[in-house]
Amino acid sequence: MDKKLQGYIDKLNSLNFKEMYEGDFFLTWEKTDDEIEAVFTVADALRYMRENNISTKVFESGLGISLFRDNSTRTRFSFASACNLLGLEVQDLDEGKSQIAHGETVRETANMISFMADVIGIRDDMYIGKGNKYMHDVVDAVTQGHEAGVLEQKPTLVNLQCDIDHPTQCMADMLHIIHTFGGAENLKGKKIAMTWAYSPSYGKPLSVPQGVIGLMTRFGMEVVLAHPEGYEIMPEVEEVAKKNAEKSGGSFRKTNSMEDAFKDADIVYPKSWAPFAAMERRTDLYGRGDWDGINALEKELLAQNAQHKDWCCTEELMTSTKDGKALYLHCLPADINGVSCEDGEVEASVFDRYRDPLYKQASYKPYIIAAMILLAKQADPAATLEALAQKNTPRHMK
Amino acid sequence: MDKKLQGYIDKLNSLNFKEMYEGDFFLTWEKTDDEIEAVFTVADALRYMRENNISTKVFESGLGISLFRDNSTRTRFSFASACNLLGLEVQDLDEGKSQIAHGETVRETANMISFMADVIGIRDDMYIGKGNKYMHDVVDAVTQGHEAGVLEQKPTLVNLQCDIDHPTQCMADMLHIIHTFGGAENLKGKKIAMTWAYSPSYGKPLSVPQGVIGLMTRFGMEVVLAHPEGYEIMPEVEEVAKKNAEKSGGSFRKTNSMEDAFKDADIVYPKSWAPFAAMERRTDLYGRGDWDGINALEKELLAQNAQHKDWCCTEELMTSTKDGKALYLHCLPADINGVSCEDGEVEASVFDRYRDPLYKQASYKPYIIAAMILLAKQADPAATLEALAQKNTPRHMK
Amino acid sequence: MDKKLQGYIDKLNSLNFKEMYEGDFFLTWEKTDDEIEAVFTVADALRYMRENNISTKVFESGLGISLFRDNSTRTRFSFASACNLLGLEVQDLDEGKSQIAHGETVRETANMISFMADVIGIRDDMYIGKGNKYMHDVVDAVTQGHEAGVLEQKPTLVNLQCDIDHPTQCMADMLHIIHTFGGAENLKGKKIAMTWAYSPSYGKPLSVPQGVIGLMTRFGMEVVLAHPEGYEIMPEVEEVAKKNAEKSGGSFRKTNSMEDAFKDADIVYPKSWAPFAAMERRTDLYGRGDWDGINALEKELLAQNAQHKDWCCTEELMTSTKDGKALYLHCLPADINGVSCEDGEVEASVFDRYRDPLYKQASYKPYIIAAMILLAKQADPAATLEALAQKNTPRHMK
């Protein structure tokens, strides 16, 4: 057995994640530290195996269902890659082509698509109070279906972004941080600035800032959330961050100053998002079909936005970070000054300097998703990895 | 060899279905009783093998082409599941993205998509006299292409719903009935009511009621077709039902009373459909591009429909069935009173009570489709199942 | 080892194509004669193996990404078939469903979709000076991504049609010619007429006539390009054709007479295309968003087109070819008189007589694409074919 791979397997064997078996992945803060570490470990192991041309197909057949209620490039391809890596074929549930509009309930659809589904991946991030709930409805439905003998297996749900969290994104971000700093043990006391930044668009989901403070506060870091007044996120998630920080020996605080957040930061994550309160209003207007109200709200938000064009990740701000060299993060695509817009989230020269690390950051997502699936579907994931390594089937017959 | 699996193989070896090899599946009444039984047997065997984690991949590579000319959730996913179960990758022919509109003939398209296709599944149910004919055109084209050396293999066609029959639906329905009643041998004399029911929409395909009476009359059952005057189905299919009933020792009759049909019924299948004569008119109007005529017809049909809101599967009606416990069937999605519409095909409490069996009913469809494919592609399906069982590759490496 | 297969392997071992490893396929004239012959040889070998039920899966997992910026049936299915034949799952990058419109650069998207991509196939043929450039941008991006450690592998690009060449089409056409004439060695001195033909539409890509003269001039043939005045193609490609002809001992000339081109021709390829100069103007108008200008140009082009309805492949013209039996080629779909239009590129009786050979011509495309992929991904393709033959896994377990 290869030493590095044996290391991952030994690590897994030291962790307790047995509750993940037959489970689902909704929010990172519903998982224990061991479970989070198991995801990172399996993700690293799968990447290592693929790099070394060892097939990690655990399914001979089976479907991975994806449901995207918002446009997506990287998450769509990450999910497809993860399923394919494990041997599952992706089938996209395109609601426009389905009969969902014709009086079909969530419970019914969930069962009808799951006869041979081992995984369901859902992105539903547009309306406050909706996406996460929808995912739970789907899981409840397929659990009942499995118990009633309708489904031979209960598919596992992977949250590909909801109104509350974006776990596959934030876990990929975190794994990138861990590798950049040479291990989770080196993160104690490091300062990370999750800050709002200006974008000419508005209404971007809150799931990234929420997911980041909900996860990064677990590693003993100094987590600072910065945004202009009026751009508050969900208070429940701030509570999660506070408790996490306390437990991990780190800290969590808020500020209305980007400068304050960037000062001596080891990691910066500047990114636009919509105000939570406005998103709640929008959800409400949408529920009532009040399109005039939605248009009015849009105008109001754009006007509010326009007052904060100075919230931009500039070279000057970057200079104020630790040794002027903070790790710059973004979930992509970013609004880059003079590239995709006039004024945006980041200056082009900053973005360009961090292009390779940004792409590397994104490259962890397929492995994070595959790890979440593996941990839900295998009774003994460490044994599975060992068996795959023994089998040693080349992914690509060279 | 597992005893249950051996039972399926022995059963297959007692049946004559050799004409199915290299064939296609258009209408159930074009198949012999042995052939129908072979489909059920292979479907049961495939399900049993999947439940017992035995891979049933007979293809290392190959495509399953789907062409849906109408929205679909369950049939789309059932077809995808069936192909995947056998090792075929689904490729959807989305006519909007193809060049079919640009002067390409059916004959040409059929060959162009079939270079590596082992299966073609088509849903084309909107226009009377069109769908089934289109499927035959496709089969003729690929047969010629295969004979001319263009195609290395002749793909098998699976009718995923045409204007005449919906064989994958009705075969799944029937297999559900067989298992519910403990075997086909227990169905003699059982009463099944295929009845029209009110829906606020109109113009639903006739293929389900037609397929049901065309298939269920082969099992010695008392088959009653009920609908308001004016909602006649294709007379040719009624002829099929009559002959089937005669041959099987069952009966087939029509009534204009839902009460009459439900009385002492063992099985009820209340479902909306459009009048055949109106569908013929619509096909004609459509052919002439007469959109005003189509709109006028739509109004007329909705008005006609509205006179029959009392055709609903109520608790009261259910009480009148055998022991008040008839098996309730629906192809889904159903129009449920107070759920998907004000007045519909069925009361919510009835639907809810039968939810699990309804989902189970639907769950047979992927296996029925896979069985149809296997019987068309394997020279000796019993030997194939035996070889798969011997090989015993886990579907999911646990 | 089967003799025929051994012949292909021996042939490969006699050719020098080592530069193709880890490379891409943009234009046929960027490849050496040995490389072109290697593609034909691998394509023949793969077809032979499939016909003899030998699996050619070299990938256990991996994605083949397709990006179609124009409608497509046969190329779409050919690419899907080729990927599937080698074990890759197709994922379509549907730009409408992606975030490309939201400020994402080509460089970014190319990396984001490629984490587990072994192949990228692109069709981008609408605008002069754009498609081929776009493909190079994608290749540059993934090459950088691979070097930066973002991508574990560099996906190979297959040009599925650009503004300059349509290599998978023309290579399939050529392989069809080679087999029809019993070998490339029999083509010296044969006359091939690549001629314009009238179509009621306008603006068809120039990539086919350009690709044909760029490739066919390499085999010692007499290549004649015929079109009405004003329908010139890219002058750079004419230069390529001239040099090729000189080197191969064949000839290349232009004429404004269809009769002249058809006279004693062994092969005819009559097909509509847009004038190069007009396409340049359209690209320019499009770039400036001048929709009025585009409409005016369209009218002008249709009027110009209408003057050349006599450019049709008639029975009379066919009679003037070598023994009246020239091989008729088309990339399909063709505009057929009285079938898809009143006046078109070819008379129905001519098209009908050549239907089987035309479909056969098209049937080489999946194998050409698969060969291009195999030659880019395998360090020693001959050894790969040998290993697959030894392994002898059935494609279809019969």
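Note that the chains take the letters A, B and C in the order they are written out, and that residue 1 is the start of every chain.
In the analysis below, a residue touches a chain if its C-beta (ideal position, glycine included) is under 8 Å from a C-beta of that chain, and two chains touch if they have at least 3 such contacts.
Everything numeric in this text was worked out from a predicted model, so none of it was measured.
Colleague: Please tell me whether the contact surfaces of chain B and chain C are same or different in residue numbering, using the over-half criterion.
Modeller: different
Colleague: For the two copies chain A and chain C, what rotation in degrees overlays their C-alpha atoms? Round to the nearest 5.
Modeller: That pair's rotation angle lands at 120 degrees.
Colleague: I'd like the Å distance between the centres of chain B and chain C, where a centre is the mean of that chain's Cα atoms.
Modeller: Roughly 41 Å separates the two chain centres.
Colleague: Among the residues of chain B, which ones contact at least 2 other chains?
Modeller: 57, 89
Colleague: For the complex, which residues does chain C have touching chain A?
Modeller: The touching residues are 57-63, 65, 89, 91, 93, 97-100, 102-105, 107-109, 111-113, 115-116, 118, 145, 148-153, 377-379, 384, 387.
Colleague: Considering only the defined contacts, which chain A positions touch chain C in the complex?
Modeller: 47, 50-51, 55-57, 68, 71-74, 76-78, 80-81, 84-85, 87, 89-90, 201, 332-336, 339-341, 355-356, 359-360, 362-363, 365-366, 393-398
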